[in-house]
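Here is the structure we will look at.
Going by the order they are written in, the chains are A, B, C, D, E and F; count residues from 1 in each one.
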Amino acid sequence: MTRPSGRAPHNLRAIELIPHVSKHAEGSCLVKFGDTHVLCLATVEDRVPHWMKGGGAGWVTGEYGMLPRSTGQRMDREAAKGRQSGRTQEIQRLIGRALRAVVDMKALGERQVKVDCDVIQADGGTRTASVTGGFVAMVLAFQHMMTIGMLKSLPITDTVAAISCGVYQGASVIDLDYDEDSTAETDANFVITGKGGIVEVQGTAEREPFTEEQFLGLLNLARTGCGQLSALQRQVLGL
Amino acid sequence: MTRPSGRAPHNLRAIELIPHVSKHAEGSCLVKFGDTHVLCLATVEDRVPHWMKGGGAGWVTGEYGMLPRSTGQRMDREAAKGRQSGRTQEIQRLIGRALRAVVDMKALGERQVKVDCDVIQADGGTRTASVTGGFVAMVLAFQHMMTIGMLKSLPITDTVAAISCGVYQGASVIDLDYDEDSTAETDANFVITGKGGIVEVQGTAEREPFTEEQFLGLLNLARTGCGQLSALQRQVLGL
Amino acid sequence: MTRPSGRAPHNLRAIELIPHVSKHAEGSCLVKFGDTHVLCLATVEDRVPHWMKGGGAGWVTGEYGMLPRSTGQRMDREAAKGRQSGRTQEIQRLIGRALRAVVDMKALGERQVKVDCDVIQADGGTRTASVTGGFVAMVLAFQHMMTIGMLKSLPITDTVAAISCGVYQGASVIDLDYDEDSTAETDANFVITGKGGIVEVQGTAEREPFTEEQFLGLLNLARTGCGQLSALQRQVLGL
Amino acid sequence: MTRPSGRAPHNLRAIELIPHVSKHAEGSCLVKFGDTHVLCLATVEDRVPHWMKGGGAGWVTGEYGMLPRSTGQRMDREAAKGRQSGRTQEIQRLIGRALRAVVDMKALGERQVKVDCDVIQADGGTRTASVTGGFVAMVLAFQHMMTIGMLKSLPITDTVAAISCGVYQGASVIDLDYDEDSTAETDANFVITGKGGIVEVQGTAEREPFTEEQFLGLLNLARTGCGQLSALQRQVLGL
Amino acid sequence: MTRPSGRAPHNLRAIELIPHVSKHAEGSCLVKFGDTHVLCLATVEDRVPHWMKGGGAGWVTGEYGMLPRSTGQRMDREAAKGRQSGRTQEIQRLIGRALRAVVDMKALGERQVKVDCDVIQADGGTRTASVTGGFVAMVLAFQHMMTIGMLKSLPITDTVAAISCGVYQGASVIDLDYDEDSTAETDANFVITGKGGIVEVQGTAEREPFTEEQFLGLLNLARTGCGQLSALQRQVLGL
Amino acid sequence: MTRPSGRAPHNLRAIELIPHVSKHAEGSCLVKFGDTHVLCLATVEDRVPHWMKGGGAGWVTGEYGMLPRSTGQRMDREAAKGRQSGRTQEIQRLIGRALRAVVDMKALGERQVKVDCDVIQADGGTRTASVTGGFVAMVLAFQHMMTIGMLKSLPITDTVAAISCGVYQGASVIDLDYDEDSTAETDANFVITGKGGIVEVQGTAEREPFTEEQFLGLLNLARTGCGQLSALQRQVLGL
C-alpha cells in the first residue's frame, strides 16, 4: 500500500499553527494540516448565555463554516440557502464539546468565548484541524484576558487536539487527506488531551464493519499523533 | 453504586419490538427500551434520489423526530421553529448510516426506503432504540417487497442494532435511562452487527476524559447487549 | 348507498379514549376514531404569554402535527421543509378555539395549557378526533392541577367534542373515514358542547353547493354524534 | 341595540365593485365594503400546476395579503418575517375554494387563474370582500380570454359572493365592521352562489356557544345579503 | 430619438401627490408618476429601536413592497417565498436614508416613523416615486403629531425628492418609464433636497461605461426635475 | 485635517493583489487594501443559469460574505441567522454588475463564472477591494480556460477596479479605512474601467447633503486611484 501523498502510515501532514493572524480577534490561529487551512478566531464576550446567568461559570462554543470554493467542487453558500447543513452543525457541536472538556468554567467566570473555525481551503480533516487550531486561538484569548487583567491564571486543565485515522486499502493510516478520506473503508476521529485522556471518539465504517482490533490500531495511531500536535500547541503557546 | 432503576450494570431495560403497528407503512415497528418508545415506519419508494438514477443501486435513509411532549420538559415543535436542530440532524444521519451498513444496495435495486423514527416517549437512548427498531421496520418492508414480487430475496448482509453504554458513578453500565444519562461521566453509543462487526462508535467524555481501558469496558458491554438485541430482532423477523 | 365500512349513516366508528398514556404529560389521552389515532398530550405551564401578563386570566392553545407516514402516501416532514402548511395551522387554530370555548380563564388563573395533538395514524377525521381527545387530555391536566393544589375546582363550563358529517353518494353520513372523505360531495365539521351549544361550524361544498336542508341534516347527525362523544368523555373523566 | 355605524341589522355597508383598475392584470376589481378596500387582480397563465398536467382541466387559486398599515395598528410585513400567518393561509385557501366552486374546469382548459386579493385598507370583512371582488376580477379575466380567442364561452356555472354575519349585543347583524367584529359574540362567514347554493359556512362562537336558531338567523341574513352582492356582480360584469 | 411616451427628454410624467388616502395611517400619500402608483403610509410609534433608547433622538425607516401583479409579469409573493429579494432590501434602505437626510432627529425626540411604500402598479421609477411620496406621508405624520401636541414644530431641515435619469438611444432623458428603463444604456437615480443638496446618487452603466460628461448631463436633468417635485411637495403640504 | 492613518488625502493604502492562493479555484486572488483582506475565488461552470440556456452567451456573478470575526465587533453568522442581510445582497449585486461590465459574454460562450469574495479581515472598503480583487480572480480563471483550451482569447473588453472616496472632516479623501468611514460626512463608491469609463457611482450623504462640486472632487480622486489599481491589475495579470 502506498498513500497518495507518499507518507508513511503513521506520518502526519506538515502541520503549522500560526498565531496572531487577526487584527481584531482576541485570540487567533491559522492552522494548516497540509493543504487543509482553517482560520480560527476566538472572541471574548463579558457575558454568558441567558440560561447560565448568575451561576458563576463561563462557557465556550465553537462555530464552523466553509468558504464556498474551499473545496474541489464549489458548494452553495449556506447563508444563501438559509440553513446550515447537518454536517456543519455536527462539526460545530464537536468543536465546542472538545474545547469545553479542558476549560475550568468556574475559573473562567461569567464570560463566553466563541471560537469561529472557518475553512479557507479543504483537503480532508477540517474538523480535526479546527479543534487543534481552535484550542490555540482559545488559549491565546485567555492569555489576552490575563494581559488586560480579566483573568489571573489560565483557566485550562489540559491541552486538547484532534486527528483522524482510517483504514485505507487495508492499512491503518493517520491524518487522511481528501484522496484517502473519500475512499477509506473506515474513518475515525479522535479528540485526545495532552495527558492522553480520550475526550471524543467517532468511528464509522464506510463499507465493511470493522473489528475491535482495527479500532484499537487506529486509536494507537491517534494517541501518537495527538501527542505530536499537543507538543506543537505547547510550543506555540509558550506553555 | 446502585443504578436508579435498580438494574445490574450489564442489564438492558425491558426491550420490546412490536411489529406491524401501522395500517399504512410497508414496514413498521414500535420499539420500547423501557420507557423510551419509538415508532419506526418504513416507506418504500420505487425510485432513488436524482443523483443516483441509472446506477442500478438503491438507497436507505433515516429521519428522526420527537413529539413536543415526549420529554419531561415540553420542547417547541421543530416545524413551528422552522428548522431541525443540530441534534436531530446528527441522529437522523446516524440512523441512515447504520441501516445502510447492512443493506446490499445492488440487490435492492433502484428503490429507496425511508425509515421514520418518531419518539413517542423519551427516557434516554432514543437514537439507539431508533436504529434497533428502524432495522426491524426496514426488513419488514423488504419482506413486504418480496411478498408482492418486487424483490426475490432479502437484500441484507447482516442484522444491526445499537446500544448506549456509559460510566455512571464510576461504574460501566449499559442502556442508560434519562436519570443516568443526564449525570453520566462518559456516554458512548455503539452500532454493532449481528456478526459482531462495529459499524459506528461515538464516545464523549461529559466531564473527565476517559481512558482506553474504560472505553474497552464499554465496548465489551455493548457487544453483549447488541448480541441480545440482535437475537430479539431475528426472532421478531423470523430470520 | 352502502358506506365503504358497512356502517349505517348515523353510526360513529369504534371510538376509544385511552387516558394516562404518557409518563411525562400532565394530562394525556390516546383517541381512536376507528383507524384514526391521535395522541393528545397536555402540558401545564405556570405562566401566560407575554401579552396576557397581569390580567389574571389563563390561556389554552392547541398544536397539531402528523407523523410523515401516518397517511397512505408518505408526506415530507414539516420540520424539514421549514414551515407548517396552511392546513396544519388551520387545524391547530381550530383546536385552540374549541377548547377555549369551555374553559373559565379567570378560574384557571395565569397559567397556560398547551395541548399537542399528534396524528399517529390517519384515516379521516383527524381534526375532530384531536378536539375530542384534546379535551380529555386538557381536563386530565386540570385534575392533576387540583391534585397538587394548583387549582381548587375544575375551570370548565362544559364538555366539548367534534365530529365530521358529509354527503356521501347523496346520503348524509357521520364520522367519515378517508375513503368517504376523499369522495364526499360536502364535508362539514362541527364542534358542539355537552349541553348542545354550537361552538364551531365549518361546511364546505367539495363539488356542488349544498342546500340549507342538507346542512341542517348534517347538523342533526352531528348533534347526536357529539352527544355520544360527550357521554364517553364524561365517563372517562369521571364527571 | 344600535350598531356603531347606525346601520339597520340587515343593511350592508356601501358596496362598490370598481372594474378595470389595473394596467397590467387580465382582470381587476377594486372592491369596497364601506372602509374595507381590497384590490383584486386576476392573472392568467397558460399552464397548470405540475400535478395537473395532461388532465385537460384548469385551476383557480387565491392569494391574500394585507398592507402593513391597512389596519389601525401597523402589523409587521409578512415578507420580512419570512412566513405567512395561519390566518393569511386560511383566508387564501377559502378564496380559492369559493372561486373554484363556480368554475367549470374542463371548459377553462389547461390554464391557471391566480387571483391576488390585497387589502389596501381594513375595517372588518376583508375575506368576504376578497371573495366577492375576486369573483369579479376572475370573470373579467375570463372575458378577456374570450376577447383574445382563448375561450369560446364563460367557464362559470354561477356567480359567487360572501358576507359575514354575527351576533352583536344580542342581535343578528350583517356585514360587520371592525368595531362590531371585535366585540361580537358570534362571527360567521357565508359563501353563497347566485342561485342560493351554499358553498362554505364558517361559524365561530367567540364567547358563548350559539344555538341552531341563532345560526339559522344568520344564514337567512346572509342569503339576502349575498343576493344583493350577486345582483351587483352581474350588473358590473354585464351578465 | 422619440421617447416611447412622446415626452420631451426633460419632461416628467404626469405627477400626482394625493394626500390623506388612508383611514388609519398618521400620514398618507398616493403618489403617481404616470402609470407608476405607490401608496405611502407613515406610522408613528412613540418609541425607538432598542439600540437607540435613552439617546433623546428619533428614527425614520422605510419599507417597500410590490403587489404580485403590480407588474406586467406576475411575481411570486415575497411573503410566500419566505424572503425579501436583494432588490427590495436595497430599495427600502435607500428610502430610509433619503428621508433621514432631512429630519432633525433631536427635534423629533424618541419616536420612530415607519414609512411603508407599497407599489400598487409599476411602470418604472418605483423607488423614486417612493421617496417623493414617502416624504409627503412622513411630513403629514409630523403635522398630525403637531396637531395632537406631540411636536411643537416640524422636525425637518428641508424637503427631499428623487428622480431617475438615463441615457436612452443616445439621449439623456428624465423619469424613465418601463419601456425606456428596460432598454436604457445607463440608469441613474438621484435624491436631491429642496435647496439642491445631493443626498444620494446611484448610477449604473447597463451596457457601455459612461463618461463624466454624460453623468453631469443626467445630474442637471435631475436637478430640474427634483426642483419641480419639490415645489409640488411644498404645495401639497402647505409649506 | 490629518487622516487617522497619516496618509495624504489622495493616497491609497498599501495595495496587494496576490494571485494563485487557492489549490482548488480556477482563478484566485487575495486582495489587501491595508488591513482589509478579501479572498476572491473564481469558479468556472460549463453551463449557464436556466433562463439563459441556448442563447450562446455566458454569465458572471459575484457572491460576498464576511467571516463573523472579520470585524471589530463579532457579527452573528448569516448562515445561522438563516438569511443574508440587505447589505450583503446589495454588495454582491454590485460585484456582479461591475465584473459583467467588462466581459464579452458572447466570447465567453455558455459558461458561468462565479466569483466568491469573502472578507477575511475588514477595515473599511470591503466592497471596493472585492471588485478589484474579484476582477483579477475572474481573469485568472479566463486564462486557465485558455490554457486548457476552453477559450481562444480573453473575453474581456477592459479592466475594472473600484475605490471609495469621501469627505472626512471637510476634506476629500480616497480609500477610507474604518476609522474614517464611520465618521465621514459623505461616502461614495466608484467603479471605473481601465480606459476611464464609469461603470457605477454610488454616493450617499451621511449627514449633510453634498454639492455637485464636492461630488466632482470625489470623482476626480477616484479616477486617479482606479488608474493606479488598474495598472497593478495589469501587472499581476501580465496584460
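Here is the rule we go by: a residue touches a chain if its C-beta (ideal position, glycine included) is under 8 Å from a C-beta of that chain, and two chains touch if they have at least 3 such contacts.
Bear in mind that the values here come from a model prediction, so they are computed numbers and not experimental data.
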Query = At the place where copies chain A and chain B touch, is the share of residue numbers found on both sides over half (same) or under half (different)?
reply = same
Query = Roughly how many whole angstrom separate the Cα centroids of chain A and chain F?
reply = 33
Inquiry  = Rounded to a whole Å, what is the gap between the Cα centroids of chain B and chain E?
reply    = 59
Query = Can you give the whole-Å distance between the Cα centres of chain C and chain D?
reply = 28
Task = Would you kindly tell me how far, in whole Å, the mean C-alpha position of chain D lies from that of chain B?
result = 51
Ask   = Out of chain A, which residues touch more than one other chain, so two or more?
value = 82-84
Query = If each protein chain is taken as a node and each touching pair as an edge, is the resulting graph a line, ring, star, complete or other?
reply = ring
Ask   = Can you list every chain round the ring, opening with chain A and moving on to chain B?
value = A, B, C, D, E, F
Note = Per the touch rule above, chain D residues touching chain E in the complex are 22-25, 35, 39, 41, 43, 45, 63, 65, 67-72, 74, 77-84, 88, 114, 116, 118, 120-121, 123
Request  = Could you please specify the touching residues of chain F with respect to chain E in the complex?
outcome  = 83-87, 89-90, 92-93, 97, 101, 158, 188, 192-193, 195, 197-205, 208-212, 215-216, 219
